[in-house]
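A, B, C, D and E are the chain letters, set down in written order, and residue numbers restart from 1 in every chain.
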Amino acid sequence: MRRNNLLVLDQVNAGYGGLQVLHEVSLEVEAGEVVALVGANGAGKTTTLRTIAGLLVPSAGRIELEGESVVGLGPHDLVRRGVVMVAEDRELFGALTVYENLVMGAFTRSADERGESLDQVHELFPILEERAQQKAETMSGGQQQMLAIGRALMARPRLLLMDEPSMGLAPKLVADVFATIDRIRSTGITVLLVEQNAKRTLETADRGYVIESGEIHLSGTGDELLASDDVRRAYLGL
Amino acid sequence: MSLLEVTHLSKSFSGLRAVDDVDFQVEAGEIVGLIGPNGAGKTTLFNLVAGRIPVDTGRVVFDGEDITGWTPHAIARRGIGRTFQLMRPFASMTVRDNVTVAAASSSPRLETARELADAVLDRVALAGMADEFAGALPTAARKRLELARALALDPQLLLLDEVLSGLTPAEREPLLELLVEIADEGRALLLVEHVMAAVMRLSQRILVLHHGQLLAAGTPDEVTSDPDVIEAYLGEEEQLAGS
Amino acid sequence: MSTVLRDARGQLLVLAGLAALLATVPFWLEGSARTVMIRIIISAGVGVGWNVMGGFAGQFSFGHAAYFGIGAYSSAYLLVDHGISPWIGMAVGAVLAAAFGALTGWLSFRYRLRGAYFALATFAFAEMLRLVVQGQEWLNGTQGLQVPVLAESSWWMLQFSTTSPNYFLVGLGLLVVLQAITILLFHGRRGMFIVAVREDEEGAEASGVDATAHKVMAVAVSGAMTAVMGTFFVQVFFFIDPALAFGPAESVAILLPAVVGGTGTLWGPIVGAAILIPLGEWTSKIVRDPPPFLDFVAGRSGIDLMVFATLLILILLFLPKGVYGSLAERFRR
Amino acid sequence: MSDAGASSRTGRLQTRLHVPRWVWGVVLALVVLLWRWTEVSDLAVTPAGRTIALQALTTGLLIGGVYGLVAMGLSLIFGVLEIINFAHGAFLTLAMYLTWVLADGVGIDPYLTLLITPLLMFLVGAAVQKVVINPAMGQPLENQLLLTFALSILIENALLLAFSANPRSVRLDYANASIGPVEFPLRIGGAIIELPRIVAFVGGLAVAWALFSFLNRSRVGTAIRAAGLNRTGASLVGVNVDRIQVLTFGLGTAVAAAAGVLVLPFLTLEPTTGTQFNILSFVIVVLGGLGNIGGALVGGILIGLTQEIGGLLFPGQSKLLPVFIIFIATLFLKPEGLFGGGAE
Amino acid sequence: GGDEADPEEATEDGAATETSTEAPTEEATETAAASPTEAGTASGEGCAELVIGSVHPLTGGLALDGTQMDAATQMAADDLSTDGLSITIASADSQGEPEIGQTEAQRLIQEGANALVGTYQSAVTTNLATVAQREQVPLVIDVAVDDAITSEDNDYVFRIQPNATAMGTFGAQYLQALGENAGEPIETVVYMHDETSFGTSVLAAFEAEAGNVGIEILETIAYNPFEVQDVTTEMQRVAAAAPDALVVTGYYNDGVLVAETAASVQPDVNAIVGVAQGAYDLPQFPQDTPDASNGIFDSNYHFDATKERVQDIRSRFEEENGDAMRTAAVLAYQAVEVIATAARSAASCDGADIAAAIQEVEVPEPLLTFPGPITFDDSGENENAQPVLMQVQEGEVLQVYPEEFAEAEPQFPAVPWQ
């Protein structure tokens, strides 16, 4: 195990009620990396992220953040430790304004930090400043996605978990999202990215894991995976 | 006369024109693809045809009968089956019963309906899971259950909303064959799909929706080479990947 | 929640066997214990009625007293004021309750009332009926109606001597009929549609099922079934008034057996009633006559209800799917 | 997004007091009805009739403020925990007994117990949530309803055991005193306003205001609002939702307790006293929109007015009848309540 | 709460009394089937062990009176167990629910009760009346006002207290007499009452009699006694109608509310008069509302405060139970006495025999303010049942009319705010 691993999952089992979804999932994320997790619908990508974020409690296995076990911590604890998730269905506060959503995002931060982050987020997504007083639920899908990412950034994450940030977006917006991920990486934030758009994702990521029926099937650098026959056949439809 | 004739169909949601003056036809036995960017109005169009939401203006004529304003269940029984983008199984019922419901809605005898349901399950390769609870099915099986339920209505027209998405190419293949087979029986298919490879292979015609309006219509090749479509939907890369 | 049921014949056989067994009860059980049995039957009956709507159809009713009251008042009024047999009153009550259920149900569904809103709407309807009935002179207002005692036993007037086993048998017969209706309904096409609508309304519509019609039907059937027990209640207890018939306490009493037994399960309400009523009896007995180590509770009014409430809380917390529902689930695994 | 309805559960908690303009229309309609009464009733042409009308308005307003306060607690709990708390009234009674003990036994001025009783009841509510309600979160509505119903039986009978059914009351020595030039009970145009009722109303508004400020300005309030809008969303920004739920139940109970303290000086107390607020609170909470705190307050006042004015117009009928008529009309015309934000 | 006297002590030989001690399980029924015979076969050979079932609301909103009444039956049983007659009370909680009341009554009978006493509420009592008739066991009603409970067809139900009709009728008469004796006739009233069967039936009787005695009811105002929180508007209507008197029927809490509101609004009336009002005759009332109670009248059934025996019973009761004995409890005591007297004269513990004996019984020196002995007419009503007019005078409830029961002169006109 390498020293500077930010996150380590070791033989993690997890699921819903009686249904076990993850089977002995192991993966590592180094600080500063963008790591991709790809796989088919229902493979367990979201489940993996939810488990890391503390929304699900693993039934077996270890999850360590900087060498410290975080199993059993709630999502709020993990947010305080810098693990923040952009959820698949965004989980925005629909009835609140864009501004209020962003402020909520900095719930665990001081007022000073909040102002700073707000400026950064506005710089990243100018539309969020323009539409500060619009209700979140009336924003278009793409705008909502930006808001979700912006809200997560407000918590000043060290590790950002992103679940299908390009989902529901037109091809052009998809390009924007991937550009954003690049920029986030450049600010020093580590990203664990889940995407169905395997090609794009693997191109963007430093490393990747392929998950199938709740088991890690393959891993390697983005390019290695892109070159793998298995991946090409199963996930890229080539 | 076409099986389905949609004329001047429009629908707005508090000012947003989700479907805007759309005209098209579907012939019996035809497979028609419906593509377009997210939010283009594809699902809304399905919902209008299936009677799930009331139309603002325009008409839907099916098999010579004006079905505009009909309730969804009446339309279903009249011969239009549909699947949902977000699947809606009867979670605490068994797979067989899920399908039996649809079969029984137009057959007064439950036994006949059960037999029909079993036959359909056989076709979609779910027979082995017939006694499991629908809520416990994996995604791929759920997609097939959606299809089975629609098929059990013995429909003349099937509205399929992304039945292939989320399936691996290996899983897709048998389903594609099944769809072709279904069309060969004389049923028409109207399918919304983002998996361009599949759409291209299956469809005889493709309709492209953009901002609620019909942007283009034609054979797969015509459509995919249309610069407007590339601009609005496919993007340069997708076009390559698709072909 | 149950799945759609299989094997109607098997369930009917179970019911028949159970009925045959219970039919012997009055021959070895007498007096107040028999009254307790009758209360179990009434509680089970209303629970079975509630379950059709609240369990199988998934429409949570918090105002089932409305139907109970309609059944009770219809027969009581016809009997007291016009001397009409309670059997006819029972039929009239069932029809009126079904009509009331269909009307209010249709309105509620039309306006898309769901969940807590639907529950509170049903509650409001029951309260409305209570307030309206208590303002009616011809229904004797708040004073209620009292069934005259006949000198002779009479099947036609549904009145027997206290020692007669007939009350119990009639109640049992009614319960068996209600349960048989439930079994047949939910083994059939209609019942399957009702459950499908509960599971996913839009999915059901797309499968050709008229969701609103089936919801309304479930409410009407449920209302009629509950009304039948309302009539029986009046015949056994000889008295009804607006609070008793339509009050919130009755609404709670009706949903108790189903929830404790297991909503949406065939036998849940009956099991629930068979637990709750004796439980209530047992707790009051404990206080009346405590075992030596509990001497201090003797005669302390209220303790029995506290014990009852505590047990109820424990059941709800540890068997959230109801006693029967949880057991059935364990067996299925 | 037409398919999105089922996926993410968006909560209902609304913590702004935003009175839709047409509510004033309802108020106006009530006033017009009242005026109409003064025209049709033979009494009403006399000055005495005007006094009665004025009295009905004042009384409705004053008592409505208290209803609103009780309902706010219920609505808050619903907004965050999504349970219909049948035991709300029982908690209210418990609070009243606490105050009675403090006032009658210890000799503290009843209004001073506003500093004690709600605090204690907050702890009680929080404990109850943790032990009894929390394990049932996510269970179906009927289970939770019965659970809280059982709780109310438990509380009522515990009170019976502890205090017997003997009616208790707490009365202010200074209820009829004069404060400066103002003499109580107050007389305005013939209408009588007793001191404790004014205090209850003003106190109710003050508590409501405090609650609003707390929810909208404080950090914990922010967390409560977040949890009430989207539980998962809240946990993802770092809110400890479990703790917030405990806190909210305690807070809702404390609000009921404050109402209990405020009404004690003019009601007679028995173990079942609080239950009478239950049904009205349900009505009000629906009227104001489940989870809409401001709606509950305004709904309470509207119901108070409806009761009084309805009582004038239909003297033979129960005062609850017009209330239920309004209730059902609202359910059908606006299923999300009078204040239910518009879009579905 | 009122803790009953220890039941164990009351029994000389515990066998027939608390049957359940020997049958703690659900098998109670079988043992019970045997026990009544042991107790009841005494027919014709005198009655040695009389078991009286006491059914009252021991929980819920009416528990205060219920528990007092239950304790009073126990006390009566202890007092009256003499000369070879041992009386045992088997008590049950009706929870205020008719069907529970009925089940409990049946259980008591089955476990050997030879007679029933109860139940405070008309709805529950109506139910018990049917049980009594069908099981052929006498029911002596201590408190329950509804006329319809007794009837000529039912030979097993007897009532000691004045029924609703008597309450309303006497109420009107007393009112008239009150005004006339003071030379300031009461010609108009406004009637405020609870909307339950209690209030409506008393009002009906009052209305019927009012015409006969020249009283006009200007307005009637109904309210829900369990939900009412404010009657200021109603009181303004009283003020606007300006009647000679305000008449009130209802329960405790609402009665207090009416009195306090009257004191605030101060309508121009000469008196506030309760008719069967549940608060105004209680000593607690002036204590709870010192500023709003003085001068208020109540025409109600009442223990006869002028009798020594009553004083003795009440003081012993208070000693044992802590609370002042209310009239309802005195009535429960009286009901046990009626049954005991009848059982002695029937020389039988058989229910039917006792019922027949009650029909003929004459209980002299009633504990209440009745003008003669307790005797029952064909429908089972006490022929001498009569309320008495009381008034709060200087913080005390005193009997003021008719003269033979008067502890003090009525003060009229009188309202609390003067």
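We take it that contacts are C-beta pairs under 8 Å (C-beta built on N, C-alpha and C of every residue); 3 or more make two chains touch, one makes a residue touch a chain.
Keep in mind the model is a prediction, meaning the values are calculated, not measured.
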item: Partner chains that chain B and chain D have in common; value: A, C
item: From chain D, the most remote chain by mean C-alpha position; value: B
item: Centroid comparison with chain C (C-alpha atoms), farthest chain; value: A
item: Inter-chain centre distance, chain A versus chain B - centres from mean C-alpha coordinates, in Å; value: 32
item: Distance between chain centroids, defined by C-alpha means - chain A, chain D (Å); value: 43
item: Distance between the centres, which are taken as Cα means, of chain C and chain A, whole angstrom; value: 51
item: Per-residue multi-chain contacts in chain D, two or more chains; value: 4, 7, 157, 160-161, 279, 316, 318, 320
item: Chain A, residues touching no fewer than two other chains; value: 141
item: In chain C, residues with contacts to at least two other chains; value: 134, 300-302, 305
item: Of all residues in chain C, those that touch chain E in their complex; value: 29-33, 35-36, 39, 134, 141-144, 146-149, 161-162, 233, 237-239, 241, 243-244, 249, 278, 281, 284-285, 288-289, 291, 299-302, 304-305
item: Complex contacts: residues of chain B adjacent to chain A; value: 37-39, 136, 138-140, 165-171, 195, 197, 233-235, 238, 241
item: Interface residues, chain C side, partner chain B - complex; value: 1-4, 188-189, 192-193, 195-196, 199-200, 202-211
item: Complex interface listing, chain D residues touching chain E; value: 43, 46, 48-49, 51-52, 55-56, 58-59, 62-63, 66, 157, 160-161, 164-167, 169, 171, 176, 185, 190-192, 194, 197, 263, 266-268, 270-273, 276, 279-280, 308, 311-312, 315-316, 318-320
item: Parts of chain E lying in touch with chain C, wherever the complex brings them together; value: 1, 3-4, 18, 20-21, 24, 26, 28-29, 32-33, 58-59, 63, 66-67, 91-93, 95, 97-99, 102-104, 106-111, 122-123, 126-127, 130-131, 133-135, 146, 148, 153-154, 195-197, 200-201
